[in-house]
Each structure stands twice: as structure tokens, then as C-alpha cells.
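Report on the structure given below.
Just so it is clear, A, B, C, D, E and F label the chains in written order, and each chain counts residues from 1 on its own.
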Amino acid sequence: MSNHLVIAPIVTPLLVAALQLLVGEKRRRAVLALSIASCVVLVLLAAALMQAVSADGALATVYRIGDWPARFGIVLVADRLSALMVLLTGVLALAVLPYALSRWQHRGGHFQPLLQFLLMGLNGAFLTGDLFNLFVFFEVLLAASYGLALHGSGVRRVSAGLHYIAVNLTASMLFLLGVSLIFGVTGTLNMAALAELIPHVPERTRALLHAGAAILGVAFLIKTAMWPLGFWLPRTYAAASPAVAAMFALMTKVGIYVLLRLGLLLFGDGAGPASAHFGSDWMLWGGVATVAAGTVGMLGARDLAKLAGYNVLISSGTLLGAIGLQQPAVTVGALAYLVISTLAIAAFFLLAGLLASDGDDDTDDTLSLEPYEQPGETAANESLYAQEDESRVVISAPIAMLGASFLACALLLAGLPPLSGFLAKFAMLAPMLEAGERPGALVLFTLVIVAGFGTVIAMCRAGMQIFWVEPERLFPTVRLSETVSILALLGLCLLLTVVVEAPLRYLRDTARQIHTPAAYIRQVLPAAEAPP
Amino acid sequence: MSHGLLAAAIILAQILLLLAMSFSIIRMVRGPRAQDRVLALDALYVNAMILLLTIGIRSGSLLYVEAGLIIALLGFAGTLALSKFLMRGQVIE
Amino acid sequence: MSHLDALPPWAAILVAVFVMLGALFAFVGSLGLLRLKNFYQRVHAPTLGTTLGTFFMLAGSITCFSVLHGRPIFYEILIGVFLTLTTPITLMLLVRAALYRDREEGSADVPQATLRE
Amino acid sequence: MTRRWLPYPILSALLLLIWLLLNQSIAPGTLLLGALLGIALAKVFGLLRPPKARVRNYPLLGLLFLRVVLDIVRSNIAVARLVLRRDSRTHSGFVAVPLALTDRYGLAVLACIITSTPGTIWVSYDPSANVLLIHVLDLVDEAAWIDTIKRRYERPLLEIFQ
Amino acid sequence: MPDNILPSTILGLPFAAAVLVWLLRSRGRNLAVWLMTGTALLGLLLSLWLYPAVAGGGALRQVMPWVPGLGLDLVLRVDGFGWLFMLLVCGIGLLVGIYARYYMPADDPLTSFFALLLAFMGSMLGIVMSGNVIQLVFFWELTSLFSFLLIGYWHHGASARDGARMALVVTSGGGLCLLAGMLLLGHIAGSYDLDAILAAGDAVRAHPWYTPTLLLILLGAFTKSAQFPFHFWLPQAMSAPTPVSAYLHSATMVKAGVFLLVRFWPVLGGTEEWFWIVGGTGLVTLVLGAYSAMFEQDLKGVLAYSTISHLGLITMLVGLGSALGVVAAIFHIVNHATFKASLFMAAGAVDHEAGTRDLRKLGGLRRVMPVTATLALVAAAAMAGVPLLNGFLSKEMFFAETLAGRHGPLLDVLSVVIAVAASAFGVTYSIRFVRGVFFGRMASCLPRQPHEPPLWMRVPIGLLALACLLVGVLPARVIGPSLRVAASAVLGAGHLPDYSLAIWHGLTTPLLMSVCAFAAGCLLFAALRRRFDGFEATPLTGRLSGKRMFERVLAVLAADIPRRIERRYPSRRLQPQLLLIVLLALVAGTLAATSAPFGFRPRWSSVDPAFALLWLLGAACAIGAASQAKFHRLAALVLTGGAGLVSCVSFVWLSAPDLAATQLLVEVVTTILILLGLRWLPKRIEGLAPESRAHRFRRRRDVFIAMAVGLGVASLAYAAMMHPVADSISRFFLERAYTEGGGHNVVNVILVDFRGFDTLGEISVLAIVALTVFALLRRFRPAAESIRAPFQPQRQVAPDAEEAAHAVDRSLTDYLMIPGLIIQLMFPVILLFGLHLFLRGHDLPGGGFVAGITVAVALILLYMARGARWVEAHLRVLPVRWIGLGLLLAVGTGLGSLAFGRPFLTSYFRYAELPVLGKLPLASAVLFDLGVFAVVVGATTLMLIALAHQSLRRPRQPADLPGGQG
Amino acid sequence: MELVLAAAIGVLAASGVWLLLRPRTFQLIIGLTLISYAVNLFIFSIGGLRTGADPVLQDAAGGIAQYADPLPQALVLTAIVIGFATTALFLVVLLTSRGLTGNDHVDGEDGTP
């Protein structure tokens, strides 16, 4: 009876990664084929999962790992929100993969397995219904992200990576403290069970519960790069190789996802008067501050990748504020914005990589020692970093394509028509006015619009500099695969301008579902499975 | 009576061992040379291992011997590495 | 302390003596670590703990559990075996390193190097 | 055939013994598994191409063992006294011992003996000159120490291993 | 074609054509021209076709579902007002298309130009046809975007770029304000549908958010229509190709602002705020534009400022608040579009033929281009408000409206005077325009030899001039019905004010004002005639260049200040970031913990003195490590080891042997790892750098913060320990571990069965980290001063060099001969112990992880004792293979249960009876644990060895690096 | 017991946090190690402390009250392993940083002592 669709998005990339390790780095084609297959399968799986959870009457699919009752074992729960995030992960990975194939993956070792591990971690974080398991998957995706962020080495990456790792290790410590406090107070780790127990936590331990939640919250806010916890982000993302940075566009969204999920599940309306909406003001005002800081940073940024990095901050601040409002209608818009901004920022990172790819080769270093390979293969060392020959279809003079892509990114990020960025922003801003009685709502509303204006200015300045001021500027040769990635992401955004209603209906159902968690709880913990 | 004696003996032994450990730690802090600190760490491990045996006796469970076994068999790896580092400036060459 | 109540008095006293003796030797060893004047003297002290200190404690443990379980249990012996094998390695390397470092500093208290040692 | 399957019988036997001790059982399953592991791990040891060893005199080995145990107990008490003595002015120093023993295993055993005995410690060994340098905590007579070591430990070891 | 799909056809046509032009760009410019003109003509004809549908005062609506869920359907709403604009957009678009074909340089393929122009036309149509305010904003921003691209069409010139950027920033910024305003409006009205909003006027005006809403919408309108103080972008936009100026910057885009004002006049108008803001802005713009236009030297500059002025006039008309004003505004919109478009085209023709637009250089061109001169004369006369031309009529209405003032004598008189003055300025610059170009002395030394432009460039100008004349002569016949339809659409069919479109109303005050203005204008021109050429900038206002101010403000607000702030972000420095994190966590935790009453009383439970003593030691180690970490790394490492050992003893003390074993082994491995790395760190010697006061302060501050954190964590821990929850899920595990999990060691059963999924993730982390470490170290470059081997081996190796025949590492092998042999002997013993730990893990402390680390330690010991080369010559360790296999095994075990129809990782457990061996437990979890074991072995050795190899490769020469390791 | 352990956790955390805020990479890694000790003990202590409890199920199991709480232990084990992995990674990254920037300051630029 169990629907293995739920576990598949986690196991597939893990399996593929293991196989890639066994196949060995040297057999490049086999490794690539595995990666491509994995990403395609992931998209298909996610689509099927989405289909399954959005069928009529379906609430969520619960998968009990090890066949233990949900309350005690680890469960995976695929509801509309998780399915959406899993699909987004798959789509992003599939779109970014061709780009990574061209020349970027050879700047260091084991790129493809690390990417698969990242996908495993992301999908796991989105699907798990267990708080500690969430920690584990966070660590998986973080570890993979460390590897990917450092991919290619070099001063910039390593010193940014050092900060990134230090900050995230600290965050992981906070995560553990928070989880253990919550477990200590409630005696459970299952999210649904927690939601069920929190209203009944005795008053004498409620303070502990709140402290745990607050510490946990800080950990997540570090991941979402809330001001003033997010100064690491622009630098890290700018230093990462473009394909990696594009995948990272999703990383802050994991924090958003968790805050959205746990915020509403554990501290929604049903959490009792003492705990309801715990921390939502922090998120709102933190989001406001983050948008402001991101806008200022973006206007001050001097290179494209930094600019993109600050756009990540703006996006995550916007989302943080929006989910801090805890209004279903705002959530709908926020989810739309989440999807669009992720795709757009990813595309922008890829584009920035192409536009600034000269001078990036400071990291090339001849390798000396390969103790773990057969001596015969070691001789092929030099070719390890040679450029890829599979996809060497090079487009010369790609200025029109690059320019159009840049424009599209700018429009998407600024939320200007005709692309879906406008719709997403509208969908989020309009209901914000309904929450007008909360002072932060109007401030956020204003700031989001101001941030859009700032984006126009910054992107206009950057774009004109690149495309208009220096028309004789030497554009890099662009490979077909790189173009494919960028166009796929932007095309998706364009598609979402036209096909809006069905996705939006899905998001509306999603928001309704996460704002009324009773059904989720019932689904995860059926009455028949009462505690022994 | 004899059981009271045994209980007291165990507690006293534990205190003695902890004092022994504290001597090691004082030596660790005081130095003066790196080799003194490493020696003290080694002694600390041994004392801890003996302490684990007393805990095992007190709780009546053989399971705690396990941890002692690990210290006896593998605890030296750390001090070995430290010694080698002092001698050669690197651990593996 | 419920487990220990099952011990017969003779065993309890024997175990108590073993435990005390073991702790005492370990204690004296570490005291030596603190009191002795220079490194080459101090390096001898912990051996008390690794030899008789451990030995008595193991004896206590073996007595205790053999009596408790009603059958001979020599599990702990392995600790002694392992310790006897591993302690010399560490100490040899450590003293060698100390000697080297003292020679480097030109200390007069240590013998100078032969061509190869 | 035996050489091929059981290249290091003593090691295998010792491993089996350790296995039995670890598992605290002599059930047939444990024995079988222990024997298998003993053989397999001895083969792994063989991969490291250790120097060849031959023990010629087992009884002497046992005697040496008893002698060492006795020495250890004596030295324990002596060193404990030394530590507890109020004025801790002891004369200690290095002693160079010229050796006749060259067998690696013999030297290894000697190292364990000297280091395990409180009050003496193996410092370094010069294989070209075959001179052993030890440090003695309570050094009164250098020559006596050289004699003790050569007589009490080296000679039996020579008999056992060479 | 039925009416109800006509609007969408009209709207869709230009976009479709734009895409087509873009796609067929290889086919050259003629196709583009045909598509442009054809589309515009078709649009014009179809719009005319719609006349019956809107003539009755009603509105034609076409609704296409887009995002109904957001209240956002594609509503096309054609009423009389919109219809009039559609005619304007399509009509002038047609003429501009024809004109551009001949105007643009012959070598320009024009495809992207026409594609943009078509897209712009579509966007403009979208604005005027929007029946939904958000949709309106959507198209509004599109016009900003396309105008940006059109202005920057010749982007190799700096002025084009600056102009384009300025236009984009100003108009899209306004557009965002408009979006905000429309969102507010929609919120107030409860719908974004235009009809609903138009019907909710009273509610809107009474709403507390009325003023912000009004301001935001006006910001949108004013920026687009170049109203003061946003007017400066329009003259800059004149760097665009002239057809663009003619189309966008006179006839269409800038009219979008006033379109908006008229459109929302019924909703927002009629209030004090409206009067003051709109009327005032219009007035200022009117005067300022007209005044500045007089002193421009650039032909297009004159027209641009004149446009600003006329837009100000229209704005003022709308702002005055009467229905008649609205009618006049609509009328003037049309009139201005016709004469200004034709003037721009004429100016373009002059530029095209003469090669310059500088009024000081031009002159006397009527002799070489008489047709153009005549047409320009007519249009300029219309602009000046000469009777019998359309400009006269709307200006009459404007004067009449200023006279009908109801805002106090002073204001009424002032507005009349200003109106006349601005009109006079208009006359002056019109004369200057015509005279400066076509009359006077024939210009010499022009860049080109001027002659009459091609016929098809003159035709559009002629048609527009003809329109000026026709409207001027036969207003009621030509424009009357359209104007009525448009005005009634805005005002409501029954609320049309009395007005008459006649040339002659008798000797009225407005006529008198016209005459005055005309006379004054002529006089002014005469007075200043000789001095115009001398003005480098506009007197009085010229120093306050809007452009420069804008650039400055933008540079300061959007670049300098942000850059300065951004530079102060601690993004390059880790310490402040960590400090912020720690502080925020501290504050958040404290606030949350004190948000609810703390319900526990401290209980002095029995304190075991031995345990207390143990932790006294632990604390000493921790604090010692903290204090030594800077200058005495080895001491710190040793002390950290002490603290770890103490916590390991505590685990045993508190009945957790598994934890103790794991902690111990991990600590051993960590120590070795750090030692392996220590060699690459720089020497650090105490007391070299004197400590500054700031550093001392920072240290004290950090001590304080650290103590606060420690206190906080300790209190949380204590509180939590005092309140263990009664019914934790642990009960379940204890009850089922043996019966259902098949193991006595509950902890291990949890790890490999109940929560095996965590373990799967955990070994993945290990694998990932090992791969990362490996990848990173492959490109490791040590610092310059650590490249040389440490001094010890150098010194110790010295004797080696003397007998070079021997192997390199004699000193190493000799030194480690005896210890190495013992370690070699222990190798199988440790492996045996590791296997033992593995096999019994399910029932007793142990398990895959501990066993894996044990095996890894065995390997490392061997490496330490014998050196990497020796070990790799004897054993082939393939750590990556181990990792891969381990992961595969773990996942495979998990997937195995799928074959039995059970979920992932469902364990299988039973006892097998074997002949000699007896009962053997068979648990699938053991297989899983084997995977864990393999991953741990692989990952740990991979990391350790990769790190160890760094020492190996350095002292050697690069030449012999790759091959000779085996 | 509780009080002692709480104080121990506090001291470990404080020492670790202090090191975390220091400028040298080595200080940072030692700090992170100490903090992870503190966190591990914290998680462990959450289940309540027990001395002399059985860590492993006996065949003749009476009640389950006599056993130590296994879940926090399992969580700590996972945390230890993950902490080990990330410490190793951090170490290598700090070494690489030291190699590339030439110093051991956390920011890669040697300004402060």
C-alpha cells in the first residue's frame, strides 16, 4: 500500500551518487549519463508525486520508513508544499545540469556525485516529517554545498567557503540545541506529533519550548540569510562556480520552506493562545530588514555575481516577511514568488558566469598526486582538467541571446512585466494590504516595491555597462549547453506568465493546506495509531 | 559490612583516580615542554581507563569494560601521533 | 549498588582491596608525574598506572564479575594485553622525540647523537 | 600447503584466542569464526611482508615472562617509594647498552620489557652500531645496569629468537 | 468579425507582428515595414469599425481568463475615450511607420527597430484598452521598457544611453508607484476591474488611504507625462531616432500619463488634494516647459519642452476639476498629438536633410525644401494657437476654463495671467522654430546639402498638418462626434457639459486672451530675436539642470551611499558575523525563555563528589584549551583531548557506553587529523605583537558574551534535565527493540532500524565530506614557508645524504624500526577487534560506525609507523570504492524491503538454525550496518590519507610527482 | 548530578564560544570542537540523567524503567559523527585557506594579531 514515490526522490540521487563513485571519475561519459538520467527521473518522479498529492481529496502521502508507526519512526510526508519544492529542485537541477557539463564540472573532483548528494539532501529536507531527520538532511545538503562551493578551489572560493562553513557549523550547533530542547519538552520528534502536543505542553515547560523554538529559528534564519545573519551569502554565492551558485539559489529557500512549514504547523492558530504565531513578528521585521539590506547591497555591488547574491537576499527577505504575516493569501503569492525568484536568480547566476568568465582560471593548478588510482590512469592527469569535448558546439557572437537573457532576468528580478516576476509580486503584494492592520505589512509592501525599483536601477546600470557601453568587449564563447540551461530557466518563467491559473490553483490549495494543519496531522497520525 | 566497605573503597578509589587525573591535567597545563603535555595526556588516558573499570565494577555491568578496551587498544594512537609530530614535525610521511 | 550485594563477603573484601591497590598505584604514578623534576624522570612515573595499577584493577574486576556470573571471566585480561603492547610504543617515541628536541637545543643533560640512532 | 593457508600459525592462534576472549564463549560458532578470522587476518598481516620469525625455545619464553612480571612488581614498589620520598633528589641518567641481539622480534620484546618495567625506558636504538640507549630513573651504577639487562633479558631473548 | 473578439485582435496584432518581424529578421527591412504599416492600418480600420459599439456611450468588454484566482483577467474594455486613443495610436503609428522607413539609415536592417516599435504600439494599445487596473500597469511598464530600448536604439552614443537609462529609471519607478497605487485602489474598491473602480469613486475618496493612493497614482502619471519635477527625462530622450520621438514622446507614451489622469478623474478627482496637486503641477509644468522651450537651440529640444508644456496644460485642465476641463483636456490631447507628431517629423526631415538640428546653424531652408516648410508652418501655427487650426480651439477652451475659476480672486487672476503668459511663450517658440529653420538667411556650411525629403517622408507630415487644418476649420464635423463619444465615456453620457466646437464664439474673453497671448508672443520674439542664439542654457532655470540633479541624486542615493554602506557590511570578516549570530541566538533564546513563566525550582539533587571533581577537571581542560589555542596549539589540542576524555568518562558514568566508545574513537581520529594539519600552519610566537587597547576591549567583550552564552546554555540544560518528559517515544523503542528489532542494544537498533534513515543521511555526510576533502586537497597549495619539509626530518635526513645509495627514508625506518614492528603486529589485532565491534553491535555496544573507525585507525597507525609509500606498496586501499560500495549496500538493504512490499528500510529479522553453529541471528539491519562500516572506513581513510599525502609530495621536485608513488 | 552536568555544559559552551570569536582558524576549530562537546552533552542530558542504568536490554527484562533513555543517545551518536565529518572538512578548508592566503587569519588577511 505504501507509495514508494515519496522515498524515490531521496534514494535515486543517493543511489546514483554511489554508482558514480564506483564507476570512477575517469569514466566521464558514464558518470554524466548517470547524472542526466537521475535528474530526468527526479523531475518525472516529482511530477508524479505532485499529481498524486493534488488528486481530488488527497491531502498528503505519508511514507513510514522501516514500517514503524509515524509517531515513533521516521516518516516522510509529501503534501502539496513538499511536492512543489521537490519539483522545483528537480527542474532546477535538470536545467542547470547542461551548463555544468560544459566546462565547469572539471575544475575540481567529484562534481557530479556531490551534485547528486545535494539533490538528495534537498529532497530529504523537503519531504521529511521528522525534526531530527530534518537536521540530518540539512547536514547532507550543507555538506554537499560545502563541497560544491569549494569546487574548483582558489583563493576567493576558499576564503568565502571558510566563512560559509564556519557560519553553518555554528548554525548546526544551534539547530541541535533547538531540536533537543523541543524533544526534551515534548518527548517526540515527529512534526505532526509535535503540532499535536504543543497546545498541551504544561505551562512550566512552555518557556523551554519557546527557547528551543527560538534557537531553532535562529538556525533557520541563518540559512535564509536574514539580516544581520546573512552577510556570508553574497560573497559565498559570488565565489561559487556559476552552476553551483544557481543550485544555491534554492538553498536559502530550504530555510524558508522550513520556517513556513514549522511556523504554521507548530505555531499556527492551533498552537494555543500562549504559543500561536510565536516568532512571526521576528520573521516579518527580519524580512523587512533583509530586503532593505539586500537592496542597499545590490545597489552597491560591483560585480554581477555579487549583484545576484544580493538579489538572493532580497528574495529571501521578501519571502521571510511574507510568511511572517501568516496570511493564506499572502502565502499563495509568496510561494509563486519563491518559485519564480528561484528560477530567475538561478538563470542570472548562470548568465553572470558567462558574462564574467574571463579571469576565472586562477584556480587551475596542475595536480601532483593521485594515490588512489591505477598508475596507468594517473598519467592521464593533465587531461582531467582539459575542457570538455562532448558539448563543444560553440555559439559565436551570442550577444543577442545574452542580452535578451539579461533583460529577461532583470525583468523577472525587478518584478516588471511581461514576465512572471510581475505576477508573482502582484500575487504577493495585493493580499498584503489585507493584512494592513499589522504595521509591518505596509512597510514590507513598500520595501518590496522599492527593492524592485532598486533592482531596475542596478540591473540597468550593469546591463548597459556590459552590452551597450563596451560593444567591442570580448564576449566569451558560449557553448550550446550553457545556452540551453539559461534559456530553459527563462523559458520556464515565460511559460509561467502564460499558464498561470493551474499553477496558481495548486498554490492556493497548498497555502490552504499548510494554513490548516489539522488535516496534515490527521493524515500523518491516524487515529488508529494512537500511542500504545 | 563488607559491601559497605566495597562501596566505600570504590568511591575512594574513584576519588584517588580523579586526583591522579587532575595531576595529569596540571602537568598538561603546566608543561613546560610539549613532551610533558603529551606524556600527561597519555597518563590521563590510562587513569581514565582505570576509572572506567571502577565504574564498571560499581554498576556490575561488563559493558563498560568495552570502553576501557578501546582506550587500551586505540587510545595510544593520539599520543603516538603527537609524539611523532614532536619528533618529525609531521605525522605521516 | 544492587549488583554488588550479590557478592559474598570474602569476594567483596578482595575486590575492595584490589580496587584500592589499583587506584593507589595509579595515583602514585600520576603524583610522580607532578613531582618529579625533569621530563626523563617523569616519563617513568605513569608506568606504575599501566602496570600494577591496571593489573590490580583488572584483578578486582575479574574477581567481581567471575563471582557474580558464577563462571571465570577473563575478558578484562585483554585490556592488560593491549596496554602492554601499546604503552611502550608511545613512550619510546615520546622519549625519542624529547631527546631529539633537547639535542636540538644543545642541552648538556642528554647524550649526544651517534651517527645513526 | 600449510604454508600457503596458514603462513603465521602463532599469530592465527593468538588471534583466535583473543577472539574467544572478546566473545567470552567457546561455542562452536565462535570457534569456527575465530579460526577463520585468525587465518584471514594473518594473511592480511602477511601482505605487510614482516620479517621472518622463529621461536626456538618456548619454555624459556615462559620463564622470561615470569621473570619480567617479578621485575615489574619490584620496580613498581621501588618507583612508588621514590615518588613518595620527601626529598625527591634522585640521580637518573642515560645508559648505553651494547647489544648482541639483532633479531627484530627479540628487540621488540626487549623494548616492551624495558619500557614496561617502571624505572627504565627504551630511548633509542642504533642498528648500525647495535647500541641501545636507555634511561634509568634511579641510576647508581651504570655498569650494573648494563649487566642486568644483558644477563636477565638479552641472553634469554638471544636463545629464543636467534 | 464579431465585435467581442475585435479588441483582442486589435491588441494581439502588433505583438504578433512584432514577433513575426523578429523571427523573419533575415528577410530584411521591407517586410518589416510592410508588417508595421499593415498592422497599424489594420488596427486603425478595426478600431474605426468599433465606432458603433462605443458611440452609444457604452463600453465594449472582452474578458479572457488569465488568472481569475487573483482577480486578474485579461479584460479588454473599449469605451469612447479608449477608442479615441486607439485611433491616435494606430493612426500615428501608421504614419510613423511610413516615415521611419525613409528616415532611418539605409544600412540599418530595421527589423529590431520595427519589432520594438510594434511591441510598443501593442503595449500602448494595451494601456488604453485595459479594463483591469493591474493589466493597465502591466502594459504601462511595458511601454517604459520598450521606450527604453527604443531610446537606446543607437546605444553606441553616450547620450542615447543616458537618455534611455533616465527614461527607464523615471518611468519604471513611476510605474512601480502606479502599481502600488493601483493595488491600494483595488484594495479600497474591492476589485481591480476598471468598471468596479469607476463605480466606487465615492468610497475611494472617503477612504483613509485616499491620499497615499492618489499620490502614488499621480507619481505614475506625472513621471510618464514628464510633469514637473520629473520632466527632465523627456528632453534627454530626444537622443532616440526621430520617429521614436514623434511617436512616443509626443503622440503616445507621454500621453499615457494624461490618459490616466482623465481615466481616473471620476474616481480620484474633484477633491482639494486633486486640485492642488494636479492643477499645481500642471501649471508649473506648463510655464516651465514653455519658458524653457524658448531658449533651446536643439530643434527637437524645443519640441520636447513644448511637449512638456502642453502636457502641463492638459494636466492643469484635468486638475482644475470641472467637466469642461476634462473635455478640453481630451480635445487638446488629440490636437497636440497631431501637430506635435508632424512637427517632430518635420524636424526629423530637416535633421535628415541638413545633418544638424541646431537652430543657430539652420536657416532659410524654405528655399530648398518648400513643401516641408509649408507643412511645418501649418503645424507650428497650430501649436501657437493660430485660429483656423486645431490648437486654437483647445486653447480657447483652456482659457475659458481658467476664467471659470472658483478658488478665490487671487488664484483665479494668477491662473489667467499664467495661462496667457505660457501661451505667449508658446507663440514665441513656435515663431522661433519656424523662422529659425525655414526663414531668414540661408544657412551655410551645413553638414549636408539640404533638399526636399523623399515623398513618403512628406506624406505623413502632410496628412497630420491637414488634420490640424481640418479640425481647425470644421471642428464640429471632423472631431465633434469623436470628442463627444470620448468625453461622455469619461464623464458619463448624461453629464456632458455644454460646449460648442465652433471657430467663432463671438468676442469673448478667451478670444481676447488669445489675442493678447499672440501679440505678447510676437513682441517677445521680436524683443529677444537677436539674443536667442546667445543662450547656452535657459536663463534663470538653466543652472538647475534636472538632468544633472537626477544624475547626482541617482549617483548618491543609488550608488555612493549604498556602496559606502555595503563596504561596511561585515561580509569579508568572519568574527563580526559569528558575533552577531551568537548575540542574536542569545537574545532570541533569552527573550523566548522569559516569554513564559519558568516553572521549575532549582533542586539540589545529590551531587556525586567524584562526578563533580571529574568535571572540575573537564572545565580546567576546556578553559585551558581556550587560553592556549592561540600560541600553543599543541597544548590546546592536548587539553581539548582532555576535555573530550572527560566527557567520554561522563557518558560511561551516565550509562551510555556506546557514546563513550564513539566519542573516544572520534576524538582519536580528530586529534590525528588536526595534527596532520598542524604542520601547515604558521608559527605563532607569543608577545611579538603588542596588544592594543581595542584588542583588549574586544577580548573582554567576548569573554563577557561567552560567559553569558555559557550561563544561558547551562540554565536551559538544567531546566530541561529537571523536567524530563514523562511519555517520550523512547518507551516504544525500549519495548520493541528486541521483540521487533531483534537487538539488545537499543541504541544500535535505533541507529540501524528505528531511525536507520538518519544513519543513511549521516553516512552520506561522511561520504560527501571525504570527497570534498579529497577534491580540495588535490589542488592544495601550501603557503610558501611551509613548502619545505619540517626542519626535523631535514636535519635527521642529513646523514642519509652522505650515503645516497640507500633509500631516502633510512632515518625514518631506523627510528621507527622497533615501534613500527609492534604496530605492524597489532594491525591484525585491531582489525579483529573492529570486526568484533561490528558483529556484536546489534546486541552490545559497538556497531558499524565504531568498527569502521577502528579499522581506519588501524590503517592510520600503519601509515604513521611505516610511511605512506611503504603502506601503499603493500596494501591497496581504494577508499572511494569503499565509500561507493558502502552506500550501495546501505541503500540496497533499504530497497530490499521494497521487494517484499514493505516500505524502505523495513528490517527483516529471524534466527537461523545452522547445523554446527546453532542459532544465528539474521537481521537485515546487520547488512545495513555493514554499509555503514564500509562508508566509515572509506571516508575516514580517504580524509586521513589525502591529508597525509600533502607532506609526501611537497619536498619532492615537481618533475617526478605523478608516477613514482607506488 | 544535574547541576554539575549543566555547569559543565555551560563551561564547555563558554570556552567554545570565546574561541569561536577569535581571529585565528586554529582557535576556531578548537572552539567548534568544544562547542560540539557541549552540544552532545546537552542532547544527552535532555532525556534526564541516570547512573547505573542498564544500557542494553537484559533477557529477563522486568520493566523498561531500569534502562537509560536510548533515543538521546542515538541522536548524540548521529551528532558526533556529523560533527566529526564537518570538523575534518573545516580543518582542510582552513589549511587550504592558509595555503592560498599565506596566513591563518579567518579572513585570510593578516591585520590583527
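In the analysis below, a contact is a pair of C-beta atoms (placed from the backbone, for glycine too) under 8 Å apart; a residue touches a chain by one contact, two chains touch by 3 or more.
None of these values were measured; they are calculated from a predicted model.
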Pair joined by the larger number of C-beta contacts - C-D, B-C = B-C
Closest to the centroid of all CA atoms, by its own CA mean, is chain A
Would you mind checking which chain's C-alpha centre is most distant from the centre of chain D?
-> E
Which whole number of Å gives the spacing of the CA centres of chain A and chain C?
-> 55
Length of the line joining the C-alpha centres of chain A and chain E, rounded to whole Å | 17
Chain centres from averaged Cα atoms put chain D and chain E apart, in whole Å, by 74
Which whole number of Å gives the spacing of the CA centres of chain B and chain E?
-> 60
For chain C, which residues are shared contacts with two or more other chains?
-> 29, 31, 43, 45, 50, 73, 75, 78, 82, 85-89, 91-93, 96, 100, 115-117
Multi-partner residues in chain D (2 or more other chains touched) are 18, 22, 111-112, 122, 124-127
Could you check chain E for residues that touch two or more other chains and list them?
-> 572, 574, 578, 582, 637, 653, 655, 657, 713, 716, 720, 724, 728-731, 733, 735, 754-755, 758, 762, 765, 768-769, 772, 776, 781, 792, 796, 814-815, 818-819, 822, 825-826, 829, 833, 844-845, 868, 945, 952
Residue ranges of chain B in contact with chain E within the complex = 11, 14-15, 18-19, 21-22, 24-25, 28-29, 31, 34, 37-38, 40-41, 44-45, 48, 51-52, 55, 59, 63-64, 66-67, 69-71, 73-75, 77-78, 80-82, 84-93
Provide the residue numbers of chain D that touch chain C in the complex, in ascending order.
-> 18, 21-22, 24, 72-73, 76, 79-80, 82-84, 88, 90, 92, 94, 96, 111-112, 115-129, 131, 133, 135, 137
Sites on chain C touched by chain B in the complex = 1-5, 7, 9-10, 12-13, 15-17, 19-20, 22-24, 26-27, 29-31, 33-34, 39, 42-43, 45-46, 49-50, 53-54, 57-58, 60-61, 64-65, 68, 73, 75-76, 78-80, 82-83, 86-87, 89-91, 93-94, 96-98, 100-101
Counting only contacts in the complex, chain E reaches chain B at residues 609-610, 613-614, 616-617, 620-621, 624, 634-635, 637-639, 641-642, 645-646, 648-649, 652-653, 655, 657, 660-661, 664-665, 667-668, 671-672, 675-676, 678-679, 789-793, 796, 809, 812, 815, 826, 829-830, 833, 844-846, 850, 854, 857, 860-861, 863-864, 867-868, 944-945, 948, 951-952
The chain D residues in contact with chain E across the complex are 11, 15, 18-19, 22-23, 27-29, 32, 37-38, 41-42, 44-45, 47-51, 104-105, 107-108, 111-112, 122, 124-127
